[in-house]
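Both complexes below contain chain A, partnered by chain B and then by chain C.
Now for the complex of A and B:
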């Protein structure tokens, strides 16, 4: 069964319906509550039993239903004169966004903060709207749509960063993230205005012709766009918002924030620079390679002195963005395929690590690395899963991250980027050092307390899913590689 | 006046906005800088649209104006929230997160 070919928007319409349903459920649930209810224990308990987790479950099942729907969507259709396409890349990206959002919602279902039970509908509404924005972004082949989708994705993210509004750090992080995000949006849309002016069209198909003419305005526009997108994916030198935002925002949300918007940024980069530019992209390879190299160096070196595990993973995430940029810089079908494979491996490894952090921080009330002392003796399974996630991020054989790094290097060697591959390989060792510092805390240091860490069942489920993904991709990567290659091959015709 | 003049005006406005974002210490002034950057885009788009006789640029402008309004609303509400919690809107005082 496939959907009617006139319905490439089915996934987006379903997400929109889900967002409206979540919001309505929240409004109806709120109407039943006492408006003057204060933060007494009683009202917290009532809200938790009531609409709080209800909207969460609704969002979770809704996202899973839309995820299933993507497998019925017909590939290769387009509407609005080609400005909205449902190709392999779009469907691949949509599945990634939906899966990561579902894992994040599963992780946040047991959040006990007052804000999450009282304003649960707002939180989940923002997540669904942001996924809707990403989903449109993945299909957009037109500048206006691309820009609007970017904003639809970003604005709920600013909101969710400051969601715990009574905490002093939350609003600070939200403001920093917002200022950087909107400034980068302004740069992006300024670049778009030049591309439109020079090519006379907002369709991405018009860009190669404009570049072939050697029009300096198109070049300027593409440079501005690259700078703006660099902010969004947190590449050097536009990475400083990431650690602050990660530290202050709620961890299940950060798990998702560290993966999905970055993936969306890469999809936009692929659409603009690989699909949009054609062979004139070759002249950009040195610039992209330099960006990748500097990003890897900064991320890995800044991660070493970190004592807060969320900041540590934020900097290591910046380094991973650099490794993914290597795949983009290779500018070949295999390079893009390996970038997509890397994104999936990174999703499982990084989200899993953040979910373990959430579990530990709930029990220890701390995000410091020292909170992990002796975790292996207290909760062996939790420590083992953290170790596997860290090893996957570090790139040890037989977990997903190893293949991801190897394949990206492989693609770069085919393009002749030997120096970049050497640099990446050396800094992988540096990365292993700070991942193993955490492992040392867990396995070698003596625990400060003896009782095991309490692991909520739903969080354990989410961690188990990530674990399955990491180990599954590590032991048997072939089907994932084939899928990524099939998607990437359609971009080079 | 030719297209060049409008593009120069937009570039100057964008530059002033960017300068404000980078140098200002008051977060509301930073927000104003971002507004200037976004509005220079509108000058660009309308100028290109007018000189090429293609209306797409005008439509794009309507969308960017909407986005600008949304961002101003969200930005100011975050600043108000920050002021309620921290009693300051100066960027130099926002130093709880660093490292």
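Now for the complex of A and C:
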């Protein structure tokens, strides 16, 4: 059964319905409670079992249902005169957003913080709306729709960063993220205005012709768009918001924030710079290669001195963005395929690592890497999963990250970017240094306490899912590669 | 291929043993050791079988096993051995077999120790027998990575006081600690593997054959400029593992900090992976570049020989002496390869084998001495021969092989190498080689005299020391036996080596 071609919006409509339902559930659940009663400490647990986790479960199952729905969507349809397309890339990206959001929600279901249990509906509403924004973004083939989707995605993210509104760091991080985010949106709109002014159209199909004419305004617009999207994916030199935001926001949310919005940024980059652009973009290869190289260098070098694991992963995440940009810089079908593969591998590895961080920080009340001392002797399985996630991020064989790095290098070598590949390969060793520092804490240093880390069941499930993904993709990457190649091939017809 | 997949059995037996150790032998130290021993024995038997069944009249690769893993990318599980790999697998088997005995006394977390050790060995076997470059690389990574934990957890922290103009800088990095050594070793070797990966990918993409098979690559002729830099990438990448100067500094630190069995394996076998890689991929696939860069490889090898020997002379820590002697001896291996003559290459491979056994023996002995006397300070110990005659004898035989005395394996290796050097385009290479052998005799004899044969130390700690016991004899006996056996009957090794080196060199331009 496929959804008939009149319904390419089914996924977005379902997400919208889910958002409304979550909000209503929150309001109804709240009405039944005495607002003052929930303020007392002992009622927190009750609130959690009540409406708090209720909306959480509802969101989780809703997201999973929509995820299943994506497999019934008909590929290759478009509406609104080609502004909204449901092609392979869109569906691929939507599945990625939904899966990562579901893992994040699963990880945050047992959040202890007071605010999460009481304002659970707001939190989950924001997630669903942001996913809705991403979902529209993935299908947008038109400048205005693209921009609207970007805003719909971003504004809930600002809210969720500052969700613990009584904590100063959270407010600070949210403000910083908000200012950087809106500034980048402004840059994007500015760039779009040039493109529209020069080509007279907001459709992406008009851009190649504009570029072929050698119109400098179109060129300028594309540069500005690249800068604006650079903010969104946290590429150098627009990366500064990431570490502060990651440090202050709640960890399961960060797990998602570090993956999904960046994936959305890459989808937008692919739509703008690759799809249907033909050979007109080949001139951009040196610029993108340089951007990739600098991003890799900055991320990896800045990660070395970090002693807070969330900041460490933030910088390492910046480096990973650089590696994904290598795939983009290859400007080939295989390059894009490998970028998509990288995104999936990064999703499992990075989210898994953040979920382990959440587990440890709940038990140790610390995000410092010294909290991991002797973890291997306290909770061997938890330490093993962290090690596997870190090795995957580091690009070691038999876990997903190895193939991801290998494949982007491969694509870049096919394009002849030997220098960039050398740089990337050498800097993976730098990355392994700081991952191994964490491994050293876990496996070599003696534990300060003996009792095992308490792992909530739901978090353990989420970690296990990521572990399965990382190891599964590492041992048997072929089906994922074929899927990514199939998606990428449609962009180059 | 017909019959038993004997190469796979040899490669994966330690891995299976590691799994069994990890999951079925919890809290049972004796069972851990027995399972490990069984795993090592299976591999030993398999490699002996390969050694005897290897057809010396037919050149080329034998015992081929093939299984397509990822057909769309051309990745094949392709195993086969030629004369060089036969000998290297045998070396690996002997060292791990002795290593299991040598680490019998590991107490702390012995289950994980043995599991990692066996995993490492699977990687080593895999590198020596795989002919698919991709699988080769995967095995290479398996052989490198467990080292970090092995040294970091079970290593020992040496007494190193950094001196010289950069002393303050080294002091700040924590030089001498096991964490430092483990990190340094791992990063150096992974740095090398990054070069190797880029080289392999470059060959794959430019070759355009959609296959990673060594045999396919061998049929192709690569563009000379590509060869030039890919050879350099391979040379640096593998050379780091073979401890070429100036990338050798991980090796003394790493080997001195590692636990006994790990030092044995690493210095004895893993460093050979580097030299093997240069010979197999460098000379085997890029013949033009091999001739072009022979001067560099030989020059660096000469520096290695002399510099390593001089550094070894300056050490006061016994384990560092042995570690630096490895740097010097690996220079002989690389020198033999750089000569690009049959004699030289035979000497090179023979030296890989001889040095592997010898250095394994040395590290086993140092471990034993440390276990009995709790000291590695050469000038505090003295006159141990009266208390531990067995260890003293074994150490002396090892030392004599190290300085190249006839009737030991070391002699044959150095003789062949120097013969090759004399016959090569750069006959002056002979002199650094001989000077190295001379310097080796100084530091080896000095150490042997001081610790074992000299006047007895006054130190009360060193008055009543036991000799080797039980399983320790097993490790020493095997290694000494092999060392002498291959010294008196070098044809045992040269026979199979010849079948591999002659066809290898015949592909070089101008031959």
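By definition in this document, the second predicted complex is superposed on the first by the 487 of 493 C-alpha atoms of A that agree within 3 Å, B and C clash if a C-alpha of one lies under 4 Å from a C-alpha of the other, contacts with A are read in each partner's own complex, and residues count from 1 in each chain.
As a convention for this text, a contact is a pair of C-beta atoms (placed from the backbone, for glycine too) under 8 Å apart; a residue touches a chain by one contact, two chains touch by 3 or more.
Note that this is a predicted model, so its numbers are computed, not measured.
Student: On chain A, which partner's contacts cover more residues, chain B's or chain C's?
Tutor: Counting residues of chain A touched by each partner, the higher count goes to B.
Student: After the superposition on A, what does A:461 contact: first (chain B), second (chain C), both or neither?
Tutor: Touch partners of A:461: none, neither chain B nor chain C.
Student: With both complexes superposed on chain A, which partner does A:432 reach: first (chain B), second (chain C), both or neither?
Tutor: second
Student: Based on the superposed arrangement, let me know which partner A:215 touches: chain B (first), chain C (second), both, or neither?
Tutor: neither
Student: Contact-wise, after the overlay, does A:414 reach chain B, chain C, both or neither (first, second, both, neither)?
Tutor: Touch status of A:414: second partner only.
Student: Regarding the shared-chain residue A:443, is it in contact with chain B (first), chain C (second), both, or neither?
Tutor: second
Student: Would you check which partner chain A:361 touches, where first means chain B only, second means chain C only, and both and neither mean what they say?
Tutor: A:361 contacts neither chain B nor chain C.
Student: For A:490, is the partner it touches chain B (first), chain C (second), both, or none of the two (neither)?
Tutor: A:490: touches no partner chain.
Student: Taking the superposition as given, does A:78 touch the first partner, chain B, the second, chain C, both, or neither?
Tutor: After superposing on A, A:78 lies clear of both chain B and chain C.
Student: Could you list which residues of chain A make contact with chain B in one structure and with chain C in the other?
Tutor: none
Student: Can you list the residues on chain A that touch chain B in the complex?
Tutor: Chain A residues touching chain B: 143-144, 147-148, 151, 155, 158-159, 162, 165-169, 171-176, 178-179, 182-183, 185-187, 189-190, 192-194, 196-197, 200-202, 243-244, 247-248, 305-306, 308, 311.
Student: Chain A touches which residues of chain B in the complex?
Tutor: So the residues of chain B in touch with chain A come to 7, 10, 14, 17-18, 21, 27, 30-31, 34, 37-38, 40-41, 44-45, 47-48, 52, 54, 56-57, 59-60, 63-64, 67, 70-71, 74-75, 78-79, 81-82, 85-86, 94, 96-99.
Student: Spell out the part of chain C that touches chain A in their complex, as residue ranges.
Tutor: Checking each residue of chain C against chain A gives 70, 72, 137-138, 141-142, 145, 148-149, 152-153, 179, 182-183, 186-187, 190-191, 194-195, 197-198, 201-202, 205.
Student: With touch defined as at the start, can you tell me which chain A residues reach chain C in the complex?
Tutor: Within the complex, chain A contacts chain C at residues 396-398, 406, 409-410, 413-414, 418, 421-422, 425-426, 428-429, 432-433, 436, 439-440, 443-444, 477-478, 481-482.
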